[in-house]
Each structure stands twice: as C-alpha cells, then as structure tokens.
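Shared between the two complexes below is chain A, which has chain B as its partner in the first and chain C in the second.
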Partner chain A sequence: MSFDTLVFYLLAALTVFAALRVITARNPVHAALFLVLAFFSTAGIWMLLEAEFLAITLVLVYVGAVMVLFLFVVMMLDINLVQLREGFWRWFPFGVVLAAIMVFEMVWVLGSRQTVETGAQVAKHAADYSNTKELGRLIYTEYVYPFELAAVVLLVAIVAAIALSLRHRRDSKSQDVAKQVAVRREDRVRIVSVPSGKKAGPGIED
Partner chain B sequence: MSFLSTLFPAYAEIFLLVMVSAILIVDLFLTNPNKTVTYALVQLTLLGCSMITVSTHQHGVVYLFHNMFVDDLMSDVLKMLSYLSVSMMLVYSRNYLMVRGLFTGEFMALTLFALLGMMVMISASHFLTLYLGLELLSLSLYAMVALQRDSAIATEAAMKYFILGALASGLLLYGMSMFYGATGTLEVAAVSDAITHGVPNKALLVFGLVFVVSGLAFKLGAVPFHMWVPDVYHGAPTAMTMLIGTAPKLAAFAFVMRILVEGLQPLMVHWSGMLVILAVLSIAVGNITAIAQTNLKRMLAYSTISHMGFLLLGVLSGGIDGYGAAMFYAAVYVLMSLGGFGMIMLLSREGFEADTLNDYKGLNQRSPWLAFVMLLLMFSMAGVPPMVGFYAKFSVLSAVVNAGHIPLAVIAVLFSLIGAFYYLRIVKLMYFDAPESHVPISIQPDSGLLISMNGLAVLALGIMPGTFMSVCAVAVQQSLLLH
Partner chain C sequence: MMELLQAIEQMGQSLLGVAWVPVWTLVKIVAIVAPLMIGIAYLTLAERKVIGYMQVRIGPNRVGYYGLLQPLADGIKLMFKEIIIPTGSNRFLFVVAPVLALMPALAAWAVVPFADGMVLANVNAGLLYILAMTSLGVYGIIIAGWASNSKYAFLGAMRSAAQIVSYEIAMGFALVCVLMAAQSMNLGDIVHGQQGKAGLFGWYFIPLFPMFLVYLIAGVAETNRAPFDMAEGESEIVAGFHVEYSGMAFALFFLAEYANMILIAALTSIMFLGGWLPPFDVAPFNWLPGLFWMLAKMSFVLFLFLWFRATFPRYRYDQLMRLGWKVFIPLTLIWVVVVGAWMQTRFWLW
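For the complex of A and B:
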C-alpha cells in the first residue's frame, strides 16, 4: 500500500466517522462542529486528487464562513431537543429496514459485476502544475457560458430573497431623516384659538 | 464585431437576459400599481425574443460555447412555443394577480428568469448547462409559488416544492457525476460516443442512469415521484400553477430528449424499461385518482400526471414517430392546460377562487360561450375525436404500436377511457346542473378574447393537425440526425 492510499483511507475513515456523528450527535453545536471536521477531511481528499483550489475553497468558504454562520444560527435558535427526537424510536425499525434494503440492492447491483477498476482515468500532472491557474483559465474561456448562468442563478436568488422577505410594515417605527428635516412648523404645531372669558360650563359660577 | 457575431445563435438568450435586468431596474422607478409599463415591456421582450429566434434560425445543428449550447430546429420550435405560452399566461393572469396584489415587477422578472432557464435547458448540449438551466427555472418557480406570503397553503406548497425539487436535483446531479466518472466527459454527444466506442464501466453507467431517470421523473411529476404535483398545483396561486403546468413541460421534454435520447441512446434498452414502469403507473394512478378530486386544480394536477405518462410513452417508443409524437403531445398539453387554468382565473374574482367542481355547475346558464370553450377544452383533454387532444393521443399510441408494445397501448387506452369520466363530469355539471351562484361573470376583453382563441385553436388544430405534426417530426429528425 502506497503512502497516498494510506492517507486516503485515513481521511475517508475520518470523513465517514464525522458524517455519522453529524447525524447522531445529541447537541446541534457538536453536530455542526463534526460537519466542519467532515469538510476538513474531504478537503484533504481533494488535496490528494490534486484539486488544491477546491480544497482551499472548501476550508475557506464552508468551514470559515458558512459553518460559522450556521453555528450562530444554531446558537441563536432555541431548539427543543425533546420535540425533535419525538417519534425517533417509533420510526427507527422502519428506517433501518428501508436502509438495509437499499444497501442490499446497491451491493447486489454493483457487486455482481466487476466494478473495481472503473471508468475514465485522469492524467497525472507535474509538481509545478497549478490547479488554481488552470481553473481560472477554464472558467473564463471554455466554461464562460455556465459561469454566466451560475451568476444569473445567484441574481434570481437575490431577487427572490428580497421579494419574499421585504415587507413594508405600516406599524414599523423606522426613521425617515429626509422627512424629519423637511418638516415645517405648520405640520407639527396647530394653533387653536380657545375662546376666553366665557362660561366653561354650567354650574359653579353662582 | 467578429466576437459578437460568433454568439449569433444565442442572441435570443442574451437579449432576454439584458431585458430582464433592464426591467428589474426600470420597474423600481415606476409607481403605477397596475404595472402597465412593466407589463408592456415584458410582452415586447417576448415578441423581440421570438423575432430574434426566427431570424437567427440556421439550417442544421449549430454548436456554440465549446459544445455547451446547441441551436437546432427542435430548440427553435420549442422556444417559440415557450414564448407563446409565457405570453398567454401573462395575459390570463394579469387581472387575477392584480386584484390579489401579486402583479408586481418581481413576479414578471421571475417569470422571465424562468423562461431563460427553460431556453437554456432547451438549447443545452452539456450536462452542466442542462443542470444550470433546470436550477434557474426551478429556483424562479419556487420563489413565485411563495410570493403570496399571506396564504398558508401557498407557503406550504412552496416548501414542499422546494424540498422535493432540491432532492430531485440532488438525484440528477449524482447520476450525472456517475456518467462523468464512467466516460470522463460531460458533453452530451461525447458521452454517447464514449458509451458506443469505449465500452466503459457499464454497471456504473446503469447505476447513474437510475438516478438520472428518477430525477427526471421527479421533475416531470411521473408516478411514483408525483407526490408534490397535486399539493403544489393546489396550493400555488392559479397564475403560478399555470406557469408551472405549461411551458416548463416543453423544457422538460427537451431535457429528456437531450439526456436520454441524445446522450444515452446506447443505453436505450435500460432506460426504456424504466420509462415503461413510470408511464404505465402515471397513466393509471393519474387517471384513477383524478376521479376522486373535488377541486379542479387538483384534478388538473392528476390529469397532468397522466399526460406526462403519455409523453413518456412517446419517448420510449423511439424513432422519429415516437419522439415527434411526444413533442406534439407536449405542445398540445401546454395549449390545453393554458385554457384550463385560464378558465379558473377568468371565473375567479376578488376574494373568490373558482377552483371547486361545484363552481362550474350550470355555467351554461351564466355564460354559454365560456361553457362551450370549457367543453372544447375538456373534450380535448379527454381525447374526444374532433379535438387536438385526440390526435395527440392517437399519434403517441400509433408510435407505441409501431414499436411493438401492443399491451402498453391497450393499457393506455383503457385508462384514458377511465380518465374520460372526470373530464366529461365537468361538461355534465356545466350543462345539466343548476348554477349555485348567480354572480355575474365579468371578463377582461383581452383574456376573454384569448380564451376564445385558445378553445378554437384546440378545435382547429384537431381538424388540421397535419402541419404542426410534420413540423414536430421534421424538428426531431433534423435535431437528432435520425434517418
């Protein structure tokens, strides 16, 4: 077994372990941290595949930004664990049977034929080959069409997010500085001429 | 200039994208609550797109963007039909949405983005662009279903649509990644070549195929992946239901053609068996469950499921006959459901949805012309002879018989007969029952004219289906280079 293979199995085992703990951990914060571990070891596997740009992005974007935000959300929300676990054991045997059937089917389909020495081979590159530079070149030349489309998908996401969440509430107490500055005396002060010297009401005079 | 002229076949997509971005900005400065200017701009954009598509049409198959974009007769015909369908949907839904306060700039921008997604799917020749087009379409539709925020049922529908749609996208991507693993390419034509020549890992390919077909079935709404269809059709505002139920089916047809027929033709023995199961189950479950519905939108949803079964029957029979018939069926289905949902919106008014079967009781006494148009549409959906629905079913069935699947054709006919019951029940309600409400029906002149034309088109195309049928056959033949 070469060193590469050894590292791969180590990282793969770590990923599977972390992924299992994500769904079995009782505390959502722990689950999120295990997800970070799963991302991290996946980044290692990508490194083995000579995809260093993807590895770096996974750590920077997912571990650094997305999961931190996620942790914030988990900590802010008051999640009722008892409610979440309700019915878990009731449905557990059902889920196990379903999962077992699926695993059996997959093993049956894939194991019945020789599938180990699989598909297309990828060429190895020299040590000075820059995966990042190559991706950068491809994304703006050969893949410019899907790149632009991805940008449009993001634009749709922005439009949709604003359309779904922007609500002009009548009772909100937000300030409009321009209106406050432009206010005139007549808008705020009303002079009421109160008649004086007349009887205020029936009674007390006499 | 030379760079711009190389983009010639994609001018329609580029024009649409530029116009949506412009409309998004222009709409911010318009204060008219009726959005007349935005609406006019959107319709002009659709007109412009159709003119560009016609004028940039080239004979044969043209590839662009490193074989990621393909322009052929099939894509041009499907795009023209999509423009028409979206334009009709806007005319039908304008008044309906206006009284509900949903006729906003965002609604129109999202509609156009969804159209752009459909166009990308129709013209895709690369798994990456197919997927991105699908996501662009789906994401716009999820948001549109949720636009009616005060309605709990619409929000629930959007949530279901979003989660199941994301699951289907995941399945699809997983399958695509298997193809990439097996063949080393994502180009549709190259995948087909690699499978024919290279004999790569067959098991991996078939494994991927299962996921891709499941993902496609989810998106089409074929049984057993249909659970979202009735809830989404019922929960979404009718205008959004109409958008989901019409033009995207054309794009879905193109999607099936590009992936299964162009890319995985060598695996046809494997996928046609899967499609048989999907098609038979869809036709059976769709038609039988529709009988039990009391809500017209839910009924039309189950009817969609059975129509998708018919479409798959056409695809699995193969050959120019089968693919041409499937394309014709998709277009006819779109025309009929535009009319069906259009009628619901015409009869609805502020605070009232004409979506239960009881609302159609005695429609003949309230408005004989609308009842007649609805009769034409229902007859066509049921497949009664002079209507185009009959011819669409007939051409699919003859392709199925020619391909030698006679038991399939018999099953399809039997379940269509069962299905005829619930379409004809509406005709019975309209003509032989007493109306429950006597509120006068007020119709906008534009949508009234359109529904008349829609109903008459169903009749006229049924009497003279030859031209359009041959357009479909030629389109399929030229695009797939079949002989």
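For the complex of A and C:
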C-alpha cells in the first residue's frame, strides 16, 4: 500500500466518522464543529487528487465563512435538545431510503465503465502544473454559459432571500453618514459670551 | 551559504534516506517558528515602548537594560499562573480554543518567502492557502467565547466572528487584484513580478494603492487590533472572548494575536512592498541581503500597527460594519475591474 492510499483511507475514515457525528452529536454546536471536521478531511482528499484550488477554496469558503456564520446562528439559538431529538425514529426510515438512493446513484456514476476507464488514466502532473489556471481557463471558455447561469441563479437567490426577510420597521432609527460628516462645528456649538459680574452671587462669600 | 545548505542536504540524504525529508522539514519549521516566537515576545515590548514614547512615558525599563528582559519576565509569570476552567463551561472546547487560535497563525507561515527561494513550501496556490489559513483563526475566538459560558466572552465572540467574516471579503478582493497584477498565486512569483529596474516604483503599492490601504486596514480589523478591537473592548465587555482565560491559555491567545500581526506585516510587505527586494537596485542597497529588506519592511508595517493603536480611538460597531461593507467591498470590486482594464492597455508598466 502506497503512502497516498494510506492517507486517503485515513482522511476518508475521518470524513465518515465526522459526518456520522454530525447527525448523532447531542449538542448542535458540537454537530456544527464535526461538520467543519468533515469539510476539512474532504479538502484533504481533494488535495490528494491534486485539486488544490478546489481543496483550499472548500476550506476558505465553507470552513472559513459559511460554517462560521452557521456556528454564529447555532450558538445564539435557544435550542431545546429534547424537542430536537423527538421524532427521530419516525423519520428514520425516510432518511434511510434517501441515503440508499444517494449511495446507489454514486455507485452507478463512479462504478460505470466509462468513469473507471477515464479515472485510471489520470496522470500525475509536473510540479509547475497550475490546477487553478486550468480550472479558470475551462470555466471561462468551455463552460462559460453554465458558469454564468449558475452565478445568476445564486444572485437571484441572494436577492430573493433578502427581499423575503427584509422588514422595514417603522420605529427603526438609522444614521445618514453623509450628513454626519458634513456637520460643522458652527451647526452644533454656540459660543455665548456671558459678561462676568463684579459681585459674587448669593451664597458665595469673598 | 547555499553550498553549505546543499552539502548538509546531501549528507542528510545519504545518512537517513527516506526519513531525511520529514527531519529536514522539521528543522526548517523550527527555524521559522523559534525566531517568530522571539519576534512576538519582543513585539510586545516594542509595543509598550513605542506607545509609551508616543504618550510621553518611558514604558517598561526595570527588567534588564531598557526593559529588554520584560517579555521573558512576563512569559515566566504567565507560565506559573493557574489555569482556571469555569464551572458550566465546555471543558474540552475551552482547552482546545486557544490552540485553534494559534495553529492557523503559525501554519500560514509555511508559504511565506523570507528571501529569494527561502521558503518552507513553495506552492502554487500560496495566496489561496494564506487566505484559507487566516480565515480559520476566527474559530479559536468563537469557540472560546461559547465554551467559556460567560456573556461577556460570548458577546466578544459574536462581534469578532461578524467582524472577521466581513473584512475577509474585502481582504480577499484586495488579494485578487494582487494576483491579477502578478498573474500568479505563488508568493515568490508575486515578489518576482515586482522586480525591475524601477526599484520601489515597480512595487504593487503604486498601481494598487487603494488595495494597499484596504489590505492594511482590513488586516488591522482581522487581527482584532485597535482601533478595531471591539472583540476585546475592555471598557465595554471587560476583555471579550478571553475574559475567562488565565495563565498560559490566555498567553496562547496573546501569541496568536501577535503572530497574526507579524503575518499580516509579512504579507503586506510581500504583496505590496516588494518583499525581499531592495528599494533601489544600486550599489549600497543591493549589498544587503534580501532577508534584511524583508524584515525592515515587516518592522515598518508593524510600527504602523502600533502607531494606529496609539492614535485612533476605538470604532463604534456600526461604523466598523459600514466601513467594511459599504466602503471597502465596493471599492475593491471597482478596483478589480480597473486593474483588469488597465492591464489590457499599454499603460500597465508593472
């Protein structure tokens, strides 16, 4: 067994373990952290496939941004653990069927003759081969329309999410920064020169 | 120097065979981390001295000459303090959090070149790796805040998470401009792209000047340094995310913050200030080794960090968010387009 294979099995085992713990961990924060571990090990597997751009982007986007916001929300929610876990066995068969379909699809695609034959031909690249450059070239030439389409779909999703959740509260206060910056001293401060009296006021003795 | 290194490598290879590569890598890691730790220790002293003089004080001057042994004394003090784990805290995560804060701050150094070819891992996607590693530092902070089971710590963690995620976007786009200009994500190649007859006029801080400012300011925000230190905010939330930590556990957060500062300084030097290149490629300047110039530039950027801290009052949180989302992100997005268009014309001289 070569070193690569060893590392692959290690990372794959870690991924499966972490993914299992995501759904079995009692504490939602622990579950989210296990999801982080799962992403990390997956990034490791991609790194083994010499897909360094995808691997690092996975860490950057999912671990560095998405999961941080996820944790942010999970930590702030007041989650009732008992309520969260009830109905687990009721939905369990449904989940098993779904998982079985997904496994079947993966085996079907990955186990087909075409994938096996092309997969076997993947050769190691030289050290100066830039995965990133190749990916960029493919995305912006051959797959430019699907790529742009996906980008537009994402944009629409963002706009829709904001439009659905945006509520203009009548009593919310906001600042106009331009106005704040434009304020001069004269607008806020008035210097009043009060003539000082010669005699001290009542209650004050010389 | 190079011959000596080659001789050592040949000898090691013949002596240890396959085991040589991990051993040699370990030696290199120690050669990076040990000076870094000393740098961190003396950065704390420099900070106290610089801010002291800016505020017409002397700063620490009791331990050793000019207070030079102060960091050692502080380190020994922290080591002998008891680590208290609060009741109701999550024990495991409470202990792991400081490690998670420090680890990415050190791991990112793997791809930082200190001089021509003087780098631990010369990887092609170096810039991306740096971005990924710096984005992981926030985990230490939010886990610390949550595991402490304290409201001040939790508030600090929430502030920090939102702040770091917001500024990372602007930082990423600033780096996109750099990689467009250099046409490479390898940090060594980025420095080579700034090399030329023009000396310091060939460095990227000239064509990418707005990005230089954005990166520097976002770097201050990413490291939770004043004036963006809302995550600590000692006058509002006591000390923020590390309020429950004591002794060495606290020291690890402290180390992580300063390691991140030095890292941002190194990256700013590499990407905008020409890395190890001398400002003019003429006689007295290019006699000095590249390492000297690299360290000089890093020291300059670190001095800026300290200067900011002594100069500016803390931002309000909504002002911070506004600066990140409404100023920096649009500015970086526009500059990406500007650089792209500029590079297609004859006027791109870099």
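One rule holds in what follows: the second predicted complex is superposed on the first by the 127 of 206 C-alpha atoms of A that agree within 3 Å, B and C clash if a C-alpha of one lies under 4 Å from a C-alpha of the other, contacts with A are read in each partner's own complex, and residues count from 1 in each chain.
The criterion applied here is as follows: a contact is a pair of C-beta atoms (placed from the backbone, for glycine too) under 8 Å apart; a residue touches a chain by one contact, two chains touch by 3 or more.
Here the structure is a predicted model, which means the values were calculated and not measured.
Engineer: Looking at the overlay, does A:Val153 come into contact with chain B only (first), chain C only (second), both, or neither?
Structural biologist: Only chain B is touched by A:Val153; chain C is not.
Engineer: Tell me the contact category for A:Val181 with respect to chain B and chain C: first, second, both or neither.
Structural biologist: It touches nothing on chain B or chain C.
Engineer: Please indicate which partner A:Ile23 is in contact with in the superposed arrangement: first for chain B, second for chain C, both, or neither.
Structural biologist: neither
Engineer: Now for A:Glu142: first (chain B), second (chain C), both, or neither, which partner does it touch?
Structural biologist: Touch status of A:Glu142: first partner only.
Engineer: Have a look at where A:Ala65 lands relative to chain B and chain C in the superposition and call it first, second, both or neither.
Structural biologist: second
Engineer: Could you tell me if A:Leu164 is touching chain B, chain C, both of them or neither one (first, second, both, neither)?
Structural biologist: In the superposition, A:Leu164 touches chain B alone.
Engineer: Can A:Leu77 be said to touch chain B (first), chain C (second), both, or neither?
Structural biologist: neither
Engineer: Help me check something: in the complex, which residues belonging to chain A touch chain C?
Structural biologist: 29, 33, 36, 52-53, 56-57, 59-60, 63-65, 68-69, 71-72, 75-76, 128, 130-132, 175, 177
Engineer: Under the touch definition given earlier, write down the residues of chain A that touch chain B in their complex.
Structural biologist: Chain A residues touching chain B: 109-110, 112-113, 115, 118-122, 142-146, 149-150, 152-153, 155-157, 159-160, 162-164, 167.
Engineer: Which positions of chain C touch chain A when the two form their complex?
Structural biologist: Of all residues in chain C, those touching chain A are 93, 123-125, 128-129, 131-132, 135-136, 138-139, 142-143, 146, 154, 157-158, 161-162, 164-165, 168, 185, 318, 322.
Engineer: Note which residues of chain B are touching chain A in the complex, please.
Structural biologist: 17, 21, 24, 64-66, 68-69, 104, 106, 109-110, 113, 116, 120, 126, 128-129, 132-133, 135-136, 139-140, 142-143, 146-147, 149, 180-185, 194, 200-204, 206-207
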